[in-house]
Amino acid sequence: MSDQPLNNENHPPQQEEMPFAIVQGAPITELPKDLYIPPQALEVFLEAFEGPLDLLLYLIKRQNLDILNIPIAEVTRQYIVYVELMKEMQLELAGEYLVMAAMLAEIKSRMLLPRPVEADADEDDPRAELVRRLQEYERYKQAAEDIDELPRMGRDTFAFVIDTPDKKSERPQPHVDLRDMLMALTDVMRRSEMFAHHQISREPLSIRERMTQVLSKINPDTFIEFTKLFTVEEGRRGVVVTFMAILELMKQSMIEMIQAEPFGTIHVKAVAASVEGPAEA
Amino acid sequence: MNEQQLKNIVEAALLAAGEPLSIDRLLALFEEGEQPEKSAIKEAISSLQSDCEGRGIELRELASGYRYQARSEVSRWVSRLWEERAPRYSRALLETLALIAYRQPITRAEIEDIRGVAVSTHITKTLLERSWVRILGHRDVPGRPALYGTTREFLDYFNLKSLDELPTLGELKDIDKINAELDLRLPGEGFAMEEGESADIVLSLGADFEPVAYD
Amino acid sequence: MNEQQLKNIVEAALLAAGEPLSIDRLLALFEEGEQPEKSAIKEAISSLQSDCEGRGIELRELASGYRYQARSEVSRWVSRLWEERAPRYSRALLETLALIAYRQPITRAEIEDIRGVAVSTHITKTLLERSWVRILGHRDVPGRPALYGTTREFLDYFNLKSLDELPTLGELKDIDKINAELDLRLPGEGFAMEEGESADIVLSLGADFEPVAYD
């Protein structure tokens, strides 16, 4: 872009006029017919600017000007040439370009005002805000280019996916919180009216647990000796709980007991499933 | 291009492709003039194959070309990458489980009696398969129905040493009362836990405030 | 589980995942009871990393975890696997992205201020859709404009582990001179940057930078 064709004059600034271009001192108001960039290409070129700051930066860089000491009159004039060109090309000109043109014109006129000799030249430089904005924009313009250079997926680096042929799609088991179960119980008890009539404390629960334990020791096929159901080491309380559990099991017809002769050994066995009974899963 | 460089390119290409690559497709990665011999590519492949020995991946020749795969030895772990989230049990299942836990040994008819609705075979089947519930025996009444009880696995899962450690129904009733009071005071609101409150009460109270999604 | 077995599982999982895996996700591949120590996983990873030396692949740590990828040295060949070329992004998009990356959280108006032109909705939409950018919140000023920030996916895509690794932002020249007046005119704007300051300091100064929490 350094040898672009519009830089076609190097004359001192002419601030009063805003011609389309100036060639050897003569203002030009129409696009030259022999412009050696075809208009479409020019359009592409002009569209390549990301806004007024980008265009200004381009103008400054192209001429190796110091961003901290911009010859504002010159840059303004060139800027306006481009803006006019864009209008000429009937590009949809963003309002920002015109705002910048106005700002440049304002800076230029302030630069022309005589300044008190003793004033610090830097402190009152009307270009300061423009310089700040240009620099700020330039940093991020550069940062964007740097980001573009970073090794990028699909361009500089590629992720891998190998096949997993024996993928086991095991469905995990649902998790149950004890709370959930208790919630369910309170709900179901609230629904049934039993809640009002039953006051079950720890004791019966132990008996129920013992009932389960007794049932797990016996089966429907063989008799087991009654005494084998007790664990003497548990002490008196344990024996009583087991005994109550056995009585409860008998009461509920869950076990059968047989005593062949008085004072003989008592045998216990579980009640067998009936053949024609409903098939429980 | 030396052997190592060729091998590096072939390895990276096979890993990146996401599908099996034939020798011809591997050849096509190289521009004319730098194209290696087919035999060189084959050598690179067999060298890569032997590099896989003792590792969790292998380079297999399939119908349409070569492809890296995870070995079946590691698929048990690798599959976990795509593991589905655990589903949730239905309210009916939790109620059935709770009744079996608290009222064991219990028949299906008794559960249905309390719940007021039929218990589907699916529920008892799920509980039996999970090994939380088992058939303890059969009641000596017409139909000889199965008696259900909980298992050691059930206690282990819920971190209980014995059924005694389940909160009693009495405690639950108290909780119910407390809940009712809380409902009046703090409709739909949480509450601060007092230090020293017993864990199961807190658990049960907490449950009311944390809506459980049932299927 | 011995070291070699663990290393095999980690390697296969990283290659099969298709996305970066964090240490925690790697740990989750193991059942309770067989779970290795975090340090063992880290050792396996660094052993795998050194296995990559001299090869066309590397195991890199990115923002959301570890990922095997092709080295840029072989990308010339690997990229020929696909007909389509990697997409190019417009300057407008890259500049917007750069501003969001370096000055997050930032509003659209602030981006427009620095760029000097309007930011098209198309650009923010693209950035959001690519999951490179997300809305961190809204600034509490009239209109409640969205505050944009970058995501883990942005870092992963550009091969970065954290925002610290972004290229250092250029310096503002002769800043003392300009700042003297800017401070008067634009309180809260502009900041001095010393040579050699690292990028994250610039970020913090530049944007009231609060560490961005990723989900």
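Chains here go by letter, A, B and C, matching the order in which they are written, and residues are numbered from 1 within each.
Keep this in mind: a contact is a pair of C-beta atoms (placed from the backbone, for glycine too) under 8 Å apart; a residue touches a chain by one contact, two chains touch by 3 or more.
All values reported here derive from a predicted model rather than from experimental measurement.
Taking the mean of each chain's C-alpha atoms, the chain whose centre lies closest to the overall C-alpha mean is A. With chains reduced to the mean position of their C-alpha atoms, the one farthest from subunit A is B. In this assembly, the C-alpha centroid of subunit A lies 12 Å from the C-alpha centroid of subunit C. Computed from the mean C-alpha positions, the centre of subunit B lies at a distance of 33 Å from the centre of subunit C.
With centres taken as mean Cα positions, subunit B sits 26 Å from subunit A. The set of subunit A residues touching two or more other chains comprises 158-164. Contact with two or more other chains is made by residues 12, 15-16, 57, 68, 70, 78 of subunit B. Across the complex, subunit B is touched by residues 158-192, 194-195, 198-202, 205-206, 208-209, 211-212, 215-216, 218-220, 249, 252-256, 270-274, 277-278, 280-281 of subunit A. For subunit A in complex with subunit C, the touching residues are 50-54, 67-68, 94, 96, 100, 122-123, 125, 128-129, 131-133, 135-164. Within the complex formed with subunit C, the residues of subunit B that make contact are 4, 7-9, 11-13, 15-17, 21, 25, 28-30, 54-57, 68, 70-71, 73-74, 77-78, 80-81. Residues of subunit B that touch subunit A in their complex: 12, 15-16, 18, 57, 67-70, 72, 75-76, 78-79, 82-89, 91, 94-95, 97-99, 101-105, 108, 113-116, 121, 124-125, 128, 130, 135-141, 143-147, 149-150, 157-159, 162-164, 166-170, 172-173, 175-176, 200, 203-204, 206-208, 210, 212. Those residues of subunit C lying in contact with subunit A across their complex are 12, 15-19, 57, 67-72, 75, 78-79, 86-87, 89, 91-92, 94-95, 97-99, 101-102, 114-118, 156-160, 166-167, 169-174, 177-178, 180-182, 185, 190.
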